[in-house]
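Going by the order they are written in, the chains are A, B, C and D; count residues from 1 in each one.
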């Protein structure tokens, strides 16, 4: 799988949205956040205002302000800044797509609308196409996450002929566990398009299918280790790749038994990075203190170097 | 069940949002729409910007404009105008709640946020409470629709102690098929609160539990008949009530086999009422012509009088 | 709804299977069990070897022995003994159906096979028809329980033309919460067929649709009260019917919060009736002692008379 | 991952059960079937009376007769014959386990009971342990297939301390898409135990985690190609491994769009192998002719060599 023309590859951190103590968006953390990702985690691309970024809990105005700040601060530091512009409302998505173009985002991504759930790939593609038409030349990524959206349309069916509808189509973030569907996407996709995997705890499952990289929340604090995993896999050192993946599985399995959501995840990032990203916004609940302590302890028992 | 103090009762039409041919909201239809509901369907209360109204596909600005028009045109004609202000984003919901108060809505309703799904009744109540705090004196209704939202929290648990958090709590719209949960809500709820049922095709199941009324989309075009059903039930004429419910079930069962969503439902309303509500907005797809013809034919074969 | 010809109506207890301390079937309890149902609970019909009877955990030989004992001991005491003969294996079901005929059962019932799940009503009907063909003149009841079987076929579609395939078709036990589907069954079914409802905690929801009775596990210990509920409903005394249903909902809601399955249910029956039905068989776990104590206490706080 | 002591590894064909035209089990095909697997597909181990073998549609007597024939005919030809003895009824499972021991099976496997679904790993382990106790020295394999059984217990939790309960525990067949759970099993399991993957269309996803082999239905007719896939993977030739996996995905994706179940699968095997395995037994429906023709054509267009 030659990836000469592929823009989005390797690790992409799905960023958290920093909030102040009053629950307002906190732009001041974005600069240091980008430095942290680059310097400490070896991450060169970001996916902003996505699920990890609590975009669905933000107003359109907040999403614009954040996107602008991410793009500005990432200049010269990040390779790619992908702005997620998916909303339940097509109108809002179009407004955000247009804005992303104006601020010079390297790409936009759109998740399937999850309240009125498209039941066919055609309906979903029509929605995606309308969003893209508000920013026709901006590289477009489809964000596939069926378990969360409840939209049970195969990604491979979404990709069928999508270039005709969306000439700027550039790839997909596949956050699903159906690896047949993922494999079919990889084998169908054009050579300039990216197939990125989005379930961090089983990234190793997607690599043999030819995934070009990964987008995920844990790369905010595990990027350093997952970069090693990717390198080991590329070198054919499965033993090493597996060792790292097993540690991540042990961490996330432990986290899930405690209860793991964006709030807990954000708190883990606060603790590991030392950044002040604040609490999540309702309906996501803040992480209980005790819960956080145990998880951080587990983290350090597994990952000491970084 | 004495219902002296209950404000919201009997039939409440969940209104469709009228769009122009260009897909913009169409305020000019709202006046005639209200007259139609009152005069032809005998409906005295409306639930606007809800699921039927495609609120999740509207921008915040559009929702405000619509809410205002509904309230204004309903003056002197409708008994109650409930404005649904639920959004994925708490900030947006609060803005809409505050606006609803300013325009004199008779009540606000909030659905559970469905992207980041609350997993406990406490988390959900916290969210609802924060919305209500933006319009503290406006009667508040909880809109329970677990199959669509994927939020699997019992309504009865949401109601537990809710008056302390939301002093203006005034009832719930229960759009679920767990009639034990509904029964427990009815028996728990304070005497000034309404328990309204929201699955039109099985309204008769909820009546013996003491439902005070019903909120639904089909009351837009079946209000006349369902008013008869309610009256028959109140008089103890189960035979008549059942006859009407069976006809509705035959219609909706037929519709579901064809494929039934807000787009098809809206087209049926266009055909039956003669109003020009336009097409739905993406991601809801327009109803195929042939599909619409067959459904309208079925409607008229079942309901000729009205 | 004239029910002159209907054989199966009013309350039908879905019986538990008595086990000895060693976990073998215990025939000696069956006689006293029948007397208890008749004398203390006012129940005149039984549904044996069903879900409550843990039939799926029994061998074919055990099911035969049990069925024979139930039929024999019920003679002259019970109006109807329905033997459930559903199995995953058609061969086993046919053997049990043939046996039920030989022992003079008043009817047989069959649940949808739940491992290889029929995906169409035709496939399911074909299976049911083959079972019935092993006992062609024995009244046949379809046992609909989609949430447990995972077979998502509408009961109404199963009923379509079923008399041609199964001339002895006599009705259905509907254990589902889709009251539209139930209503459509009631309005379609021939006048000699029974439509019995099977979710005890919301029986009141099914009565206005014309349910002829109910089959359930709680009628083993709540038959006395539910008979009153039925009578109240028939007299049009909704207030009284609702009062009883609300109590049952309070009991079962409490039970579900603790964890409610056949093992807990059986233990409640042991405590309330004084019969020695023993423990459940694996994979059903025995009810923890503390759990049982709390549930029995709740039971007595709600139902003192009987 | 040293696999010196591991008994069950590489490809294991989950065999179909041959039926006569009258629908009775057909022992005469078993000998030629084994030769076909060995000679044409390079398969050395079999998993009999499993899901593919329609075991849940067989009587206990039929399962015994079949198991005996498979063991006898496999002597000197197959490396391992694993007899699946899982049933809804513990008693039946124990009888089959005891019988498997008597006929000299190389191992037994047990699926979670799926009617009364264990809700904790403890309950499930207790059930598995009771089955194993009827054949205490026979290597025991846990068969994990949550999507079909509806038993949502993590395999890793089932494995926790299982050797104490089942000293003969020898591995698991993991037919699930949660590769974190699979990875955790592989890293936890003792060195003499096998971790076999069971979703054929995404086998490549499990290999980097250290799967020791695969159990599946498609290895009946694709064993030759999947052996090549395994060898390519072992050599580090991901390009070749992926090419084969993509072809299998194309075949199975095509099959699923047509409708793919044990009946269709069996017909494909009939056509590809030339063996006469007959039709499936109800509730599995026979494969429509046209459907079969299209699938076989697709098969040959993808796989011509073998």
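The rule is simple: a residue touches a chain if its C-beta (ideal position, glycine included) is under 8 Å from a C-beta of that chain, and two chains touch if they have at least 3 such contacts.
If you're wondering where the values come from, they're calculated on a predicted model, not measured in any experiment.
Both chain A and chain D derive from one sequence, and where they touch, over half of the residue numbers involved are common to the two copies. Centre-to-centre separation of chain A and chain C, using mean CA positions: 50 Å. Between chain A and chain B, the centres computed from C-alpha atoms are 36 Å apart. Looking at chain A, no residue sits in touch with two or more other chains.
Taken as a contact graph, the chains are arranged in a single closed ring, with each chain touching exactly two others. Under the contact rule stated at the top, the pairs of chains that touch are A-B, A-D, B-C, C-D. Residues 54, 56-60, 62, 88-92, 95, 112-118, 123-124, 126-127, 130, 148, 150, 261-262, 281-285 of chain B are the ones that touch chain A when the two sit in their complex.
Within the complex formed with chain C, the chain B residues making contact are 156, 177-180, 183-184, 187, 201-202, 204-210, 233, 236, 238-239, 241-242, 245-246, 249-250, 252-253.
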